[in-house]
Amino acid sequence: MSLLSAQSVARIDELRRTEPTAQCALLTALRLMQRERRQIGVAEVEEIAGLLGLSAASVDGVARFYDQFSREPTGRRIVSVCRGIACYLRGAEERAGQIGRALGVRPGETTADGRLTLHLVECIGDCDHAPAVMLDDAFLGVVTPEGLRALLEQAPTDGGG
Amino acid sequence: MPLVTIDEQPLEVEPGTLIIQAADRLGIEVPRFCYHPDLRPEGNCRMCLVEVKGYPRLAVACATPVVDGMIVSTPHTSALAQGAVRGVLEFLLVNHPLDCPICDQAGECSLQDFYMHPHYGLHSSEVDPSEKVRKRKAIDLGPRVVLDSERCVMCSRCVRFSAEVSGASELQFVQRGNHVELKAFEDRALADPYAGNLVDICPVGALTSKDFRFKCRVWHLEHTDSICAGCSTGCNLRIDHYRGEIQRLVPRRNPAVNRSWLCDEGRLSYRALSAAPRLTQPRVRHDGTHDDVDWEEALAAADQGLHAARTVGRPTAVAALASTSATNEALLLFKRYVASTFVAPLLDCRFGQEDRWVEEREDALLRRRDKHPNTRGAMLLDLAETPDGGLRQMLARAREGAIDAALLLYYPPLVRQEDPATLEALAALLHAVPFSVVLTTHEGAWCRGASVVLPVAAWSEEVGTYTNYAGVVQRVGQALAPPGAARSAVQVLGDLLARAGRARASTAPGALFAELVATVPTYAGLAYESLVSRAADVYPPEGRMAYGQEGFAGH
Amino acid sequence: MERILTAQAGHDDQRTLAAARSRGAYEGLRRALDLTPQEVITAVTESGLRGRGGAGFPTGRKWAFIRPQPGQAVYLLCNADESEPGTFKDHYLLERDPHLVLEGVCIAAYAIGAHTAYIYLRGEYASLGRILESALAEARAAGLIGATLLDSSVALQIRMQLGAGAYICGEETGLIQSLEGRRGYPRVRPPFPAVHGFVNQPTVVNNVETLANLPWIMTHGTDAFARIGTEKSTGTKLISVCGAVNRPGVYEVEMGYPLSEFLDHEAGGILEGRALKAVIPGGTSVPVLTAQETEGVTIDFESMQHAGTMLGSGGMIVFDETASMPHALATMADFYAHESCGECTPCREGTGWMAWIIARLLAGQGRPDDLERLLRIGNNIEGRTICGLGDAAVQPVRSIITKFRPEFEALLPAVIDSRPDWQRHEHGPRTARHGDPAREATLSEPVTGPPTARL
Amino acid sequence: MARRDLPVVNVTAVAEDAENPVTEAGGTLAGLEVTLRRMVRSLRGKDNVTIQYPEQRKPYSRRFRGVHVLTQRADGSLKCVACYLCETACPAECITIEAAEVPDNGIEKVASRYEIDLSRCIFCGFCVDACPEEALIMSREYDLTTDDRDGQMAYGIARLTERPEIDAYGAGYRPHMQYPLVESYLPTQRRQESAAETGPGT
């Protein structure tokens, strides 16, 4: 019983066949897994290692190199507040604090109900809308805590990958 | 051929040679952590920075190939390079726990060696212990290896070995920046049968041996170069012993045989020597029971018994079987004694199918199916000539009553268990023949039936030569003295020859090897003195880090 | 001024193929296909186009290094891992004019003989990835890209790869490693990507903006491009300005455009009419310029270099008089400590150490020699690392500390015990030397009274 | 010839002079003067140079190198981590150490056996100088006697730590004596400190 959807497994198989090496498919495989399982834990690592014929250790090493893969499950929605230099100059810290208070979660943490995770992230390349905020992978630009709460009510966009 | 000048010393090298290899050949020390002659260079530790004339920035000697006319200055002659290397070493120590007192690597640790070198180290720390990044310590990675990630310098030698050489890929880095940590997935025990090498190539105390853990300090060890007797590959190794006990075995580099590696079975083979009680006194059987006697009496008994068998004069009255774990020199004397003393004896070296197995490899790296170090040597002495000869044949003939006496030279295997069938066959043979002389090392139920038991030296207790599966002749070293009254097989066989009225052969290793060369055409031109392995590179070398003489042996 | 990159980006329907083609998309590719690959390379070389990713290496020369052995496949990698803090120019192009980028990819791939091109986007650009995907799908459907480029006989597969949050993957060998599904550990050079690149094949890595210049060069010609800008810095540059300005955003300016004019005019002046304090002109990886130093500086590679900094990625970060440089530096130092991949020693340990010391300063626990220590650490990192991240991490630290030193000195406690922790221990040093007065004192201490345990 | 220059002494004259009884007695008494004065003073109980050893003892220098002490941590565990440096430094080769592993508490190595053969020890103090942990220091215990040379002169861990004599003699030589021990304790100290913590009556 695979942890991944049949469609994702198919995608990975296709990549494994068409990419120069099986390992070239690893990053995409991890992204799919993170999106569907919201974590890259032990079981997830072993599943991918099996799919691509890699050692669990090497998959784990890659998974734990990139910021967007998390060992522990993240919330269903992810709010990322940029703390890059540009956003810092436009008061990112206060903004992160406001949002955290409004959503009842501290940066780097996930709400108890697993609804959402609040991240402080390095520069996300949306500096003209500093302090920039992302919801999942949508750039919100300057957003008030209230506006963010409203957005959170809507259905999530496709998580990319 | 490109000409390179390092610290004013010119050297001509073949194209593609790395600066660090050229420097090693010139005997110029270039400090390094990540470079290893048998691994792909990665250039991550930055300790081997050197100044190359005309280069905009310092180059890493371990990844920069020599080009013709290159002029290189190492930290020993270049202030710039020296400053850089000092800086790198300081960085390496920023988060190092400095727990040398409880670290088994202390004494053969590159960090220690470099820090104590006036050109690279001896700075005072500017970091509070309270400021250091703490990581996990004493992580159990199975039966061979203990990991201390605080001591790791992230040189990735182990990661590369695991991926490139053994193929197990069980180690990888996790996290980023100064939180990078070496990790086996979920701290699972390493299944790699070559895991011991991870400890050897770790330049610091991050990966230490569980077998050697806390046994003794490395500066107490005495070293004896020898050859592994675990299988017919004949890996070059070094016996590290202290107060008359073997503490550990470590590989010596020999690109022609084992590169820098040694399998875990071979690495732990010394344990077999103390697994069963040793024979320390000659024994002669009087009405059913063995009595300890002195050599004089034992040799006399052996000689008389065999003399009787000899005088029967009937063909194949004597079965003579010598293990292929014996040295070439012992086998030579064994053959000479038997051939010159008996008429058409059954003379063989096969307890099982050594002569077939010596051709088969057990895995892609080192291990071979034949677990005897000297089968090829015995075969070159024509001790496996007759088809389907050996123990089975002798037993059959003995049961027919066609054999009056048996002479056995037997060594228990150092890796794996001895095949019970073989031991049964041996016991049966001894019971089937009226008189038998056994030369062996350990107590064993199988030799109860022997008329005379002569205790001989085991591996690591005698000198001599082995010929590996490929015909490479290598010298075996003596680290310890044989226990009790035990003597080297060469000496015992020499005495028997003398008693049999043959001129007492010189048992000096050099002299015997000369006779060997005269006897075996394949050995023509070899000299005992020149047999010392070309492995100038020992890991861990006495108080120094591994130096590679040969280039990176890609595969 | 002639707009090369953003001419069409303003149109809201520019993402759709039809609209884009109606405005001349893929015309440059057609022109390129009329030439031989070698002619394209020559043209780009003569146009003087230089890499827009940060290093400013001549694009044509980079291509010319590609000499595939028989049986080798050449790869073109489009670097859309725009992670340099303060930089969002590629973000703009990818979002507004995806076909321009795709066309540039096609031209470059044709020039170097690559039949597979990868576009590597940073993980945070997943939404832009979808825009690019649909554009690519349209182009494929229209038969522009795929088995044949336009109606030529040249095949080109364009694949997309999303990163997952690692600054280092914007470094070309780090990008290659990531694309191969490894940790983004940069590779030691030599060998260079042009020889051993992606899966050990000859590889060119070009920045999005660099490639986006190619269609115009093909349509308007080498000379037209060379005429724009300065002699050594031809063409235009996308400047993404952010921080304390009234109109942050992406602007296309001709090379050689005065910096101060750009700040006052395009960027709309400093926020709330405050005074300018400093500018980091090319992303945090280049040295800062004080307000005075910006005088007379123009936006091009040479002038920036002359002013002691670099044009870099064109990510311009503006500080007004209210900004605290130590806190700003802490933000940047934390960034590099967090993003250092940890492969090579000086960067792995040095960036973390610098960040720690700066944090210590801000916490009022600095030591008198901490500023010298920071500069010394910087010198021990710069030029000794595998990739450029180490050098990059040093630039803000060194330039900001030297140019705004009083702000840092104000952080140093008046009186401070700078001895290491174990020496400040009330028990005193564990390593007394002979001649240490305290020690000598005990030597002459009279021994009296009955024996008792005295420690 | 130098001989001619030698002074000539009239031996007979000297002898006669010596025979004078007054001079003889006076000389003897003069010679005895110091002795007699000392005798009188000591008979009157003044200025005794000797003491009643072993009942009475004189203090020794704090740097005196006497029988060794193995120090302990606050929790009473042995401070020694079996680094073998003392054994390595010992010129008399009288130290025997065996190491053992303990569940990791930051320091995973301890000495399971630590023995100093004091019948071979030359009390040079190299071992104490070599110790990186102040786990081994010297005491001022000097009167080391036994009726059995073989058994009792080899001190193991028990006798090198919990040794009542130490309290009486006090600690002796160790490097950096001007500073208190850092996180190393003698058994007495620890008992006192733990008593202080728990307070009287408990």
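A, B, C and D label the chains in the order they appear, each numbered from 1.
Going forward, a contact is a pair of C-beta atoms (placed from the backbone, for glycine too) under 8 Å apart; a residue touches a chain by one contact, two chains touch by 3 or more.
Just so it is clear, the model here is predicted, and its values are computed rather than measured.
Between A-C and B-D, more contacting C-beta pairs join the chains of A-C.
Most remote chain with respect to chain A, judged by CA-atom centres, is D.
With centres defined as mean CA coordinates, chain D is found 70 Å away from chain C. Centre-to-centre separation between chain A and chain C, using Cα means, comes to 23 Å.
Inter-chain spacing, taken between the CA centroids of chain B and chain C, is 52 Å. Under the contact definition stated at the top, the residues of chain A that touch 2 or more other chains are 61, 65. Among the residues of chain B, those in touch with two or more other chains are 173, 175-176.
Across the assembly, chain D contributes no residue that touches 2 or more other chains.
Touching chain A in their complex are the following residues of chain C: 82-88, 90-91, 122-127, 129-130, 161-167, 178-184, 198-199, 240-244, 248-250, 280, 284, 315, 317, 319, 323, 327-328, 331-332, 335, 338-339, 341.
In the complex of the two chains, the chain B residues touching chain D come out as 99-102, 106, 137-138, 213-217, 219-220. Per the touch definition, chain D reaches chain B in the complex via residues 81-85, 88, 99-101, 104, 106-109, 132-133. Residues 20-21, 23-28, 30-31, 34, 61-62, 65-69, 80, 83-86, 88-90, 121-130, 134, 137-139, 157-161 of chain A are the ones touching chain C in the complex. On the chain B side of its complex with chain A, the touching residues are 163, 168-176, 183-186.
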